[in-house]
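Just passing along the structure, written as structure tokens.
Chain lettering (A, B, C and D) follows the sequence in which the chains are written, and residue indices restart at 1 in each chain.
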Amino acid sequence: MIIIMNAHATNDQIETVIKKAEELALTVQVNTGSNQVVLGLIGDTRNLQDVAFKIYEGVEDVVRITNTYKLTSREFHPDDTVVDVDGVKIGDGSFVTMAGPCSIEGLDQIRECAAIAKKGGATILRGGAFKPRTSPYAFQGLEEEGLRYIRQAADEYGMKVITEVMDEAHIDMVAAYSDILQIGARNMQNFKLLSAVGKTGKPIGLKRGISGTISEWLNAAEYIAVEGKSPIIFIERGIRTYETATRNTFDLSAVPLMKKLSHFPIIVDPSHGTGVWDLVPPMARAGVASGADGMIVEIHPDPKNAWSDGAQSLNEKTYMNMMQEVDILVDAMQQIKQLER
Amino acid sequence: MIIIMNAHATNDQIETVIKKAEELALTVQVNTGSNQVVLGLIGDTRNLQDVAFKIYEGVEDVVRITNTYKLTSREFHPDDTVVDVDGVKIGDGSFVTMAGPCSIEGLDQIRECAAIAKKGGATILRGGAFKPRTSPYAFQGLEEEGLRYIRQAADEYGMKVITEVMDEAHIDMVAAYSDILQIGARNMQNFKLLSAVGKTGKPIGLKRGISGTISEWLNAAEYIAVEGKSPIIFIERGIRTYETATRNTFDLSAVPLMKKLSHFPIIVDPSHGTGVWDLVPPMARAGVASGADGMIVEIHPDPKNAWSDGAQSLNEKTYMNMMQEVDILVDAMQQIKQLER
Amino acid sequence: MIIIMNAHATNDQIETVIKKAEELALTVQVNTGSNQVVLGLIGDTRNLQDVAFKIYEGVEDVVRITNTYKLTSREFHPDDTVVDVDGVKIGDGSFVTMAGPCSIEGLDQIRECAAIAKKGGATILRGGAFKPRTSPYAFQGLEEEGLRYIRQAADEYGMKVITEVMDEAHIDMVAAYSDILQIGARNMQNFKLLSAVGKTGKPIGLKRGISGTISEWLNAAEYIAVEGKSPIIFIERGIRTYETATRNTFDLSAVPLMKKLSHFPIIVDPSHGTGVWDLVPPMARAGVASGADGMIVEIHPDPKNAWSDGAQSLNEKTYMNMMQEVDILVDAMQQIKQLER
Amino acid sequence: MIIIMNAHATNDQIETVIKKAEELALTVQVNTGSNQVVLGLIGDTRNLQDVAFKIYEGVEDVVRITNTYKLTSREFHPDDTVVDVDGVKIGDGSFVTMAGPCSIEGLDQIRECAAIAKKGGATILRGGAFKPRTSPYAFQGLEEEGLRYIRQAADEYGMKVITEVMDEAHIDMVAAYSDILQIGARNMQNFKLLSAVGKTGKPIGLKRGISGTISEWLNAAEYIAVEGKSPIIFIERGIRTYETATRNTFDLSAVPLMKKLSHFPIIVDPSHGTGVWDLVPPMARAGVASGADGMIVEIHPDPKNAWSDGAQSLNEKTYMNMMQEVDILVDAMQQIKQLER
């Protein structure tokens, strides 16, 4: 941490800051320039975020130079972490597709979805049994019944399951049926929930918050990582901006940026990222090209009659077409990875 | 709900939409214009948000004309709701101040805060015992010990208590010590938590989400309201925008807007709204003038040594000065309310 | 400017940065800590914003500690600047009201507006003769004809004129009729226009850009200030955010913040700040209480038939009511300024 | 335009709205439902954006169903427009690369850039001679001298030129040297400038505004299109959001969305889109995969000594590597376009 004293800071003011830092068991480097003193605070400043050096008299600015997350950082763990979902590897250089409906509506519907998803090449089945809905009057999910259906459908087609868990009380139930526990965008900073899922040992699919910063997202992952058991899969799903032509603004730059900052894999969600079904295939392609480790997309045998998110769901035909395109781009990315330089 | 068919829509396409609406037990008004058909869907369309009419062939646009919230709306309840916090009224035309530290740090600290708060005219003591922190390494609160301290300090000074509850598991504990349960910004759409606090019967202080829209905020309140027991106090605390000169962008227009749309009272939080202590007094004044029913502010006997949020906390002197100003403006607002027109 | 080298930076890398800084005629303070070197660059770093120290090998972070604006800063000019608009003072502790229609529609309309504006206490008449419109098919303003009308109406009622100038080619024409030249939100960073109006010697009403940061706004003012002739009046008019319930998000915190950072006066525009007529009076009140030096509001004798911005315009009755409230708050603010502490 | 009257609207209120619409030469369809009247306004409502139907008594909502732009829309011109830049085609299914420095710094520098750009496959040379800079103290460009240099360098390497024009006064000068006139992000709504460049007949590279919506961008293009001479090339360059980890948030969804709404080609600018050089190659790849017609990127022979934007500029090696990757993805996209379905 660097503390920049202003040009008019008195010796007393400088001493007060130094004393405070030393009380906190930090070593202080004093750099006396011709017109300004700069203090370098050495030591474990991770927990210093709460000290309001900024309001000390004579302080001009305070600059943090150490991140507040650690286990999640690539600095701490230089190699890519490969998440093994009961045999399906995420982050090993392949491109994994998770597909399925927004909501599980019944056994037949989720079985149909699994059949389509599998046919296109998806290996993981998605589907919500607990749905976070803006309005209390909207459909809230089939709950445990839905979990049973998705497990059965996935098993029938040799797929893995990802589904959302919305509160601590249901973690055990969801974990009994699902291979990956998904934390939804609205819960990215539900810190109690993060700690709790981190104790399960299941891989956690951590969606970026509706207006989550890159730094907050990494810190949210740290809540899971400090529990020491569950690997994390980041899911970029678009952020809230002023633009209303799309449901969210799909921030694909997050893919290479997160791969630079963290060792955990990242996948993209072009369905929520755009909110419009015919923008999903081009954004799925762009996701592959950005270097993502996979994607999660919404499909439905009959989007017009979907109970939720019909507008952004692909039907069998549009999904199959998209997967053909994705396959071509995955091959192109393999060529790129083999370029010798 | 209005469905606008495009100019080239075929009769079959129009029939398909009508049939779907009728399946949903809605009455359909067909309006055949010279170049375009417009359908009016009559009936309870509250749960229709999930029907993706937008992707039906021939549909140009879909316009919802009914809100998805009801009990929270002023339409449903034209008179102001006055929340009675064990004798302290919020929403009755007075201006209520809640003051206290960000974190409860110990019995002495919270007692000192209560003394200052009371002296300036605050009637409700704030202070966090469970703290939602971006990083898992930051101070997380004194938990039950903190709750005991704030209750004791409030009782000593004849004040009421508001404090945050972060998860379902701690609701009973927090409710045992606190007069108002606060839902923090990160939990505005933690729907399970909303439903659970709605069952307590305690008044709920519902902070606006970090990037919560007015509509989402009203719908979040509806999750509480449908439980039928707890009145709501909205807390505007600033929203996330591109501007970094302040911690948040304090959206004071939300005050008159929420009062127009809902019957529940609304208070403002200029501390989080700005994040900078010397912007707090002018924004507190602006809050009074905007028509808010009260405010919640952070104070600390020694902000430089506060364990959290020191940069936005007022000390005794700056708080007392602010309260003098606020009192003058509260009087001015009383004059305004008595204008005959 | 502070350059923080990372822990693994080599001596060569450090030398390279130092050499570059010295080439730029800066003095370099080298601070060698136990695990990291920090360089302080002393000298005029104002024009250093273009040097990409961040991409030098071994550099961890670069921190600018000097603003890029100067003449606009309060540091440079500690006392408030009072702008004298041909006798009407802005920034002298009074609260100035500018009122009038969005567009000048004809002589009668602007005369009616002037009569109403004056009656409520406004001393400056606003009205657009050149209108920046999103669509080329929308009404673009009466141009010089409009300018003649507003000048005539203002003169008749003993008022001053503020009106927008949209391009360099019309500066002389607008300056011939108007007392204040307004730069619209879309032109806040039209740097050629800023330089050109800065040469006129007329006071410049500089609106904050649609998504202008505080820092960009101050730098935009600096483009005017460096010309050395025209004083500036900042106009906060709301910023673009994700919220759509209001036309813009009215950022009233900008008022005390700009007064801290700059010596030029700042007024507020609650009409554009909210976009909804019945939110204008409460936000005008909040503007007074925030410490603004005045406000600019849209009024129209018949908002329903206004050629533009009818939805946010006050009619005579609502304007007169608002001004009554504003007067009460202006008195209250005078009391606050006289508090002895 | 659809006007939804509220359930309590009186006949008089409804008549008032109808009368107003008829005054505007519109045909009104009245749709009387069981609890609500809906009015359909038929005719040319393009210029109706200024009528404040929303404030008429009894009106609940107003819905515009016609865009305010026309010539720019795909509806008006279903086939792709191919822009021919003196032989280089943009929008014909190929992927065009424009490369060069942020600022033209001298003849040698721009010649070096041209050599590198050409070697990697770029056919158009970019470089700024007039620079829009936040601060008046930053380097503002070499102006006409720079224009001469870039023209000479481009000619030497058989390339075309794109460069920015910042004000009407310099259009003729810039047009004398450049093949494409670029309108910068800060000028997207400088309507006078748009109209003026639209008269030149040169292709216009129209950058999306810093916080420009899709709709505003299309309307800005319409200002150019109505002049009837210049074709447009849209340039997505990222938008302003709360996220600060990247310079802007690169909105790649805009690519397929703009191609759906407009017939003009769209290219991407990953340099400004991200602001960080090592995020440029993955985002260039994603741009290809999203379906863009080309890209514009910043390169510099020596980014560390670049006069501006060094942090986001590629050097020869990183540029050549990126172009290898881009070529592979362009081939993959050709395969995708040839899929038979």
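By definition in this document, contacts are C-beta pairs under 8 Å (C-beta built on N, C-alpha and C of every residue); 3 or more make two chains touch, one makes a residue touch a chain.
Small disclaimer: the values here were computed from a predicted structure and weren't measured.
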{"item": "Any chain that touches subunit C and subunit B", "value": "A, D"}
{"item": "Farthest chain relative to subunit B (centres taken as mean CA coordinates)", "value": "D"}
{"item": "Whole-Å separation of chain centres (CA-atom averages), subunit B against subunit D", "value": "39"}
{"item": "Chain centre separation in whole Å, for subunit D relative to subunit C (CA means)", "value": "27"}
{"item": "Chain centre separation in whole Å, for subunit D relative to subunit A (CA means)", "value": "30"}
{"item": "Contacts with 2+ other chains: residues of subunit D", "value": "211, 215, 240-242, 244"}
{"item": "Subunit A to subunit C touching residues, read off their complex", "value": "2, 4, 27, 29, 31, 33-36, 38, 40, 42, 60-61, 63, 65, 211, 240-242, 244"}
{"item": "Interfacial residue positions of subunit B with respect to subunit C in the complex", "value": "211, 213-215, 239, 241-246, 249-253, 255-257, 260, 273-274, 276, 278-279, 282-283, 285-291, 321, 324-325, 328-329, 331-332, 335-336, 339, 341"}
{"item": "Subunit A partner contacts - residues on subunit B that touch it in the complex", "value": "20, 46-47, 49-52, 54-56, 68-69, 132-139, 166-169, 186-187, 189-193, 195, 209-211, 215-216, 219, 222-223, 226, 240, 277, 303-311, 313"}
